[in-house]
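Encoded as structure tokens, the structure appears first; notes follow it.
Chain lettering (A, B, C, D and E) follows the sequence in which the chains are written, and residue indices restart at 1 in each chain.
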Amino acid sequence: AGGGGSNDGGGSDSGGEGTTTGDSDDVTTIELWRWPHSTEPSNAGEDEIVKLFNEGPGAEQGIRVKQVKNPFGDHQTKVKTAIGSKSAPDIAWTFTEQYYDTAGKDRSTIESEAPYVYIDDYVSDDWLGDFYEKELSDQRAQFGGIVGAPFVSGLQPGLMYLNVDAWEAAGLGEVPTDSWSYEEYLEAVEAMHGVEANGSTVSGVGIGLKDATSSEWSNFPGTIGVTAGSLIGNGYRREDDSYALTMASDPELEAWNEMFGKPLANGWTNNPLSYDYLETQEPFVGGQIGLLHHATFSRVQFGQEADFNWTIIPYPTKGGNENYSVYSAGLGVLVTMTAFKEEVGGNPEAAAEFIKFRNNARNQYRWFNTSSQAIPNKGAYELMNSEGVSDFVEETGGKDIMDRADTAYSEYESVREAIKSRYPDIKTTEDGAPVTNVPTGIASGRVGEALGGMLQRLAQNGNSNPKEAYTQAEGQWADLIVQADDTEFAEESRGYNKPEPKAGPI
Amino acid sequence: MGQLALEHITKEFGEGENHVVAVDDLDIEIEDGEFLILVGPSGCGKSTTLRMIAGLEQPTSGDIVLDGAPVTQRKPKDRNMAMVFQSYALYPHMTARENMSFGLKMTTEMPADEIDERVRNASELMGIEGLLEKKPGELSGGQQQRVALGRAIVRDPEVFLMDEPLSNLDAKLRTTMRTELQDLQQDLDVTTIYVTHDQTEAMTMGDRIAILNDGELQQIGTPAECYQEPANQFVAGFIGSPSMNFFDVALGGGELSTDDFAVTLPESIESALAGHNSEFVLGIRPEEILSGEEAVEHPDSFSVEVNVVEPLGDVTYLYTEFGGSEVTISVDRNTEIKPGDQVTIALPAAEIHVFDRETGNSIVTRGEPTDEEYPAEDLTASETTEA
Amino acid sequence: MSGTHDTIFEEPDTTQGRLERLGAHAYLIVIALLTAGPYLIMVSISLMGNGWNPVVPPKLIPEAVSLQNYIDVWAGQTALLDQPFSGFFINSLIYAVGATLTVLVVDTLAGYAFARLEFAGRDISFLAVIATLMISPMILFVPLYTWFNQFGLVNTRIGVILPHTFTGFGVFLMRQFIKTLPSDLEDAALIDGCSRFGVFWRVVIPMMKPALVTLGIITFITVWNSFLWPLVLARDSALYNLPVALGFFQGRTSTLWAPLMAATAITLVPMVILFISMQKYYVRGFTIGGIKG
Amino acid sequence: MTSDSESESAIYASERSDTRSFSLDSLSLSQQESIEGWLFVLPKLAILLFVIGFPMAFGIYLSFTESTLLNLPGEFVGLENYQWLVNYPVWWTSVKNVLIMSAVKIPTNIFFSFTAALLLREKLKGSNLYRIAFIVPVAGPPVIWAIVWRLMLFSNEGGIANAILLELGAISQYIPFLTNVTYALPSVIMSQIWSFGLSMLIYMAALSGLPSSVMESASMDGANKYQKVRYIIWPLMKPTTLFLVVIQLIEVTKVGFASVFVMTGGGPLNSTMVPSFLVYELAFRYNEFGHASAVAVGMFLITAFIALVLYKPLQSNAEYYQ
Amino acid sequence: MGQLALEHITKEFGEGENHVVAVDDLDIEIEDGEFLILVGPSGCGKSTTLRMIAGLEQPTSGDIVLDGAPVTQRKPKDRNMAMVFQSYALYPHMTARENMSFGLKMTTEMPADEIDERVRNASELMGIEGLLEKKPGELSGGQQQRVALGRAIVRDPEVFLMDEPLSNLDAKLRTTMRTELQDLQQDLDVTTIYVTHDQTEAMTMGDRIAILNDGELQQIGTPAECYQEPANQFVAGFIGSPSMNFFDVALGGGELSTDDFAVTLPESIESALAGHNSEFVLGIRPEEILSGEEAVEHPDSFSVEVNVVEPLGDVTYLYTEFGGSEVTISVDRNTEIKPGDQVTIALPAAEIHVFDRETGNSIVTRGEPTDEEYPAEDLTASETTEA
């Protein structure tokens, strides 16, 4: 119950019947719909900023933000119901692609059909300039503009946490600090299995993934591939605006076989799908080495006080090749603060005011200090470096991860160049970014169904023959692209190893 | 005050396959203060008739006239009648007092103390002063019955309607309540229509009995008339317990005969039968069959074996079989007859009833040819019955 | 009169009788473990003051019993949910009471008419009412929200209650029950001068207590446990009921198991108590309601 | 036997209608009664119409349109959505699953509730405890039930089922209860069959109405306990059983949603997909409101059809006694 | 074959406040083939007794001995008895045939055709051949009754137990079934114990009647004995319908007298009464009260006003009040008496019963002093009754 002091900030839920408080003085109350952060400090920080806004710029401009917190699992349902009923919230945290299928559409189409507004219409370039370039450029590639303010960052393919005590008890010697290989990883896991550490028996390893049919699955095959040196994930858009799929052309197939093709003792496997529908939240719960595929946890927090040594170790790479780029910053799934159009019940003008405030460098920095979660804002990162970080961030290792994120973000430019040279036919945006987005929202998100299905099938059959599974999944996806009205598919990219796989050190 | 006429009322239920004529062209005049019994087998339309009078059912055709004014279109509450149900239909959640005063509260503006007064009077009449604060669940069957009657009395109606009010009571209590009810009706002198299918009640309680069968009126008259001069075989068999014994007989040689016995007919009867077909049903009540000395002396006597002897204490019944029928004979309680004994009996011509085997109409009643009035009326009735 | 031969088992004091009883207990205990076992574990976890996680092998018995989770949940002192649970509890209560009262009134009236009165369109409207039992609520979300929004009913307590009052079950139950009541009493009341409504109010209602209790409890519990309507129609978490609020404990990246279990217990226990303590009434309601063997 | 209660009620009603025909006003009997009848059902119908009249009509209309989240209602497309539905394999999977669920869940539910009611009737020691234990699952929200089961028994990490089976040596590896196509549906069904408490109460009520003389008669006739149950009690419970079957059929679709929603999300590979969850997925994940509505209407038709088929015998078998 | 002895059986129910002694030290021997009637008011322990014999209840103490072998510890099915219940207790889901064959199928290995044969025989005996494929719901009360009997017969038991098997039937059917049952029992010659609280059945059906009150045996004997020589006032009042009339009388001057009348006693009676307290109850049956000519001639004659006249057809009852009691007088059916008439009546000393007002025991029976045997036995019974 640490951060209780700031709970009342932002008038979170105490309003009850709604907007009575400020109406008299021409105050516009806007609603911010979000789900609660999983950790108390993050929530406290969030509330704090809302409070600051309401007392500061909000009060000046006659805008008051009211937070509505939805249970995470129900958030999407609630927001969609509200949109469908033309009484959308003013701002909501969204996985933007879930709300509109952008594949093959240009900005003006999206602008007229999607429920959300382009936030770049409301903010200054200056403000945008504080964000890491990658976050903006990814959005521009997909939407032709900025549809929402990114506010949490992460690292892909994920972080690996290690229980050092268990590692040592297994007699594995030095904890890896540099690149190490899948083989070494698997050997370590097997060695650790069954040893006694911290008063309990180590049992396998765990990897945290969730949601068997979610469209989020479309990210998974691609992001794993990064550890094998692929730079574009599942495909890219060609200059002629057709989509080329590279899923079955990835060097990651090999990676898959190494990493996931081998069931471990006791049924534990790295195959994410053999785990529970709900993710594993605690890296040390399932096993003593844990993989987290995304990094909204940019720090580790233990449900039970961790009375053992833990550390973050590098993700294993293909052949332990340290030249492979392992980490890429940003979130696989785009969580943004989205403002909705007036037609569906929003108030974008006022919403933008808050979004600007909430996500400016100063406030992102402020939130980082209370939450210790990585953020996609380089202005804020500069503040961390110049003004230092809170004790809380120190304790929880948040700055270490932020440093990795910054490094990964800064490698973006060179990655971009490498992509362009590997795939000369790739389309680039005005500012020269290669378009590596592939249409995942297409056919109402059934890409997720197809890819999730593939992964599930692999899980069911003990990961045998990923080649066939990948090829088939790519075929299904290609069909969806072909069927969709606004999209075109580069037929020559259909099939195994078409186009030719391109991977390697940058 | 309470003069009631049912003018050709008919009630039909259902349609198509389910079509039932529950009451068929019933035409009865009931005098003010009269106690009329409606009797008949189950399903003959007794309840339906009563419910039409009460206003709980609407006749399909015909009119109900109370004191000269048609009430067919009035709501039940506006007919000034009170009804006592077989199930008592006491409101289970109200005390006896509340049950009794409910009707007055609903229909009148009567001040509370007057209602109290009336309830007190009625409860004294019914001997339930001590039970007024109890709920029906706490009362015995007989007490509930009294409360139900009290509830009817309180309203001081022009007509009492009672639908088998005693049939839920045990035999002993039924006997007691029967007399009480009669006393009460005599005291209050309110027109009463009383439905029952118990023929002891039918015989003893009312001024007149109306016997229904299949929705049609079979006979209406005093109990003695109906017992002694039944208009047709149905009535003859229905009224009286044990039932009248019936035999299929043939007329010939001045006798009505079966294989087992013959009854020599006096002239008067023979001529009455002359006009008819030669097939008849002969009826005689158990108590009119001669046995012992009297029988031996009788010219038509014959002998039968007794199957069962049933000494009821005050009277003894013999069961035997002859003339193709099971026969009950009522003999003196001090008889010595045992099962298996042969007894000599005779059917005295002076007590026999003769019915037309086809129409069932009475031709001879207790040895006398029937007045012409009955057959005419009943012919129609019986014919429709068979249809 | 319940003689021993109305039962199935042998006499209790014979060897065979004892064996049979033993067998019965064994069977019942196994099922009881499967029905209530998970909840026992749930309570056990909720009593682990320092939180709980799905470790291997699972930890089921608290080392030290602590009510801390209950205190935290009740006061709203958890990471994912900072609202006091007491508020949801009160909301649940308001919704359940409100819907139950409405259902009782409205369904009894309708049940009476369907059982006793003849009116044009009766059978059709009865069917329509019954059909509501079979509708998948999911397709109604958006239209209902839109519709209610026009009347200002979204995000109001009345708005949350209303959808709970349209089911057909109550009408069905009431109709069945009323059909078993003797109509003599109603006839008597008509003769005694009651209007149709008077008959209903003064005579029928007082006889319907078991059915009313049955329907009341079933409605109460259903509404108390309802999830979809409050989720959709309460825009604001201040109007959530307990089951919706339970969703808070499952965050995007973690589930607060111990508080969730405590919150679940808070939701569940009152209903179990209600269910058990009222059972003899509603069981009677079922018996009389014509749903007997 | 001959007259089912429909016609009975019709007869009855016609009787009642006559009761009301005396008119102070010029209205005829049936008009008066109609008015009374409508006045009584008015509150219910008003709520019904107000609350779901429009939404439902709208929902059904949507099933004939190409509607998406942002385009409600969309263009009218006639039966296109139904054509789509018929050709959509997941729909048929979901129908198949819900039928399997019913086929397993209903008989087991009947079995447990019947046997439990039977045993609890015997005045065993501790019956009250058992009763509480059996009622717990039906007293709480289905969502909780599903959560508890997922975590407690089927979850790989903390799953007790796996832990116990492993401990007992019955398995050497964890069984992926909810993530394997072979196990997922059985596991979901397994979790549902324990909520039989209400059925049990209804059976208990029915059993208490069993005339003891019939049971004693069977004793005199020399039936042993199994024979009594088999030949006397069970056949006499038929109307109750049918009632429960119909109620549960309707119930399965609802409980089905909660468990699927919580436990598997319809997966893996749609192996636990049920229509109610499919509606949810289509509407709220894929934004396809037209398709979702078609699924909902399809499921409504199937449920209504089965309920009607079962309702007939239920009605005609209604009462043995009176 | 079917010789049955109840040896001091007692049955207690409940504990503490609910403690009930339902049957109290009952000791009866029943001959093989005997038809014994158990009769008594509601709650007197009739059913409990029967159920103990059947094995459906276990006696608290005492033994049940069948053909010399104690069967108290045997299960119902091993006692070879068949029971017919008041509610028939037919299995509602089985056809008549299935109902009848169920017992044989359960207890024996009998081949199907033999079972069929037996069922056919029994159904012929009961006249229900045509109904075998119907379910109880499709049968009328009487038909159900016959099936229930058939079910018992099929099993060919040593003892028939019948618990008010006719009480659910209507009066007419009851009369018919009564004779049928008697015939049947005579044909089959199976020991039968028949429970009823209807005293017509009690009087007519059995070889002997056992009258119970409050769990205790009041008298056991032939119907005639019990009617004519009741052992105590309870039996006198219970047996006979209408009931015996009772008067509280005082002995003095060779008369038993009330304010309204006196009965001059012959020497024999006076001396029999001498040893007792001077307070007695005088009893006389309605049919023994003299009226008309006979009464006028009688020295003790007096005159009363008739309140109600109830002509039942075969006999007429007068209701009046004197000597502090409501009195029923049975007169000839052809009487002309009307309510309000004064009639002269007399109580002939030769027909009176006299009971000890405290113990209720009979001292004088139909004008004769009671044999010593009864009072001794019944004294204990009555004393315990009062305790």
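Rule of thumb we're sticking to: a residue touches a chain if its C-beta (ideal position, glycine included) is under 8 Å from a C-beta of that chain, and two chains touch if they have at least 3 such contacts.
By chain, with names taken from UniProt: B, E = ABC-type D-xylose/L-arabinose transporter; C = Carbohydrate ABC transporter permease; D = Sugar ABC transporter permease.
These numbers were taken from a predicted model, which means no experiment stands behind them.
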For chain B and chain D, chains touching each: C, E
Topological distance between chain A and chain B, in contact steps: 2
Minimal step count in the chain contact network, chain B to chain C: 1
Chain pair that, of all pairs, has the most C-beta pairs in contact: C-D
Cα superposition angle of chain B on its copy chain E, in degrees to the nearest 5: 180
Separation of chain B from chain E, taking each centre as the mean of its C-alpha atoms, in whole Å: 28
For chain C paired with chain E, centre-to-centre distance based on mean C-alpha positions, whole Å: 55
Whole-Å separation of chain centres (CA-atom averages), chain C against chain D: 15
Junction residues of chain C, two or more chains touched: 1, 3, 5, 53-56, 141-142, 146, 190, 246
Multi-chain contact residues (two or more partners), chain E: 51, 55-56, 76
Junction residues of chain D, two or more chains touched: 14, 19, 72, 155, 157, 216, 219, 236, 238, 280, 283-284, 289, 320
Complex interface listing, chain B residues touching chain C: 51, 54-56, 75-77, 81-83, 85-87, 89-93, 102-103, 106-107, 155
Interfacial residue positions of chain B with respect to chain E in the complex: 42, 171-172, 175, 179, 182-183, 186, 197-198, 200, 203-204, 223-224, 227, 239-243, 285-287, 307-308, 310-315, 317, 319, 330, 333, 339
Contact footprint of chain B on chain C as seen in their complex: 182, 184-185, 187-194, 198, 202-203, 206-207
In the complex with chain C, residue positions of chain D that touch it: 5-6, 9-10, 12-14, 16-17, 19-20, 30, 33-38, 40-41, 43-45, 47-48, 50-52, 54-56, 58-59, 62, 72, 112, 115-116, 118-124, 126, 128-144, 147-149, 151-153, 155, 157-160, 163, 166-167, 194-197, 201-202, 204-210, 212, 215-216, 219, 225, 228-229, 236-240, 243, 250, 253, 258, 275-276, 279-280, 283-284, 289, 292-293, 296-297, 299-300, 303-304, 307, 318-320
Contacting residues of chain C [partner chain D, same complex]: 1-3, 5-10, 20-21, 24-25, 27-28, 31-32, 34-39, 41-42, 53-58, 60, 102, 105-107, 109-110, 112-123, 125, 128-129, 131-136, 138-144, 146-147, 162-163, 165-166, 171, 179, 190, 196, 200, 221, 225-227, 242-243, 246, 257, 260, 264, 267-268, 271-272, 274-276, 279, 282-284, 286-287, 290-293
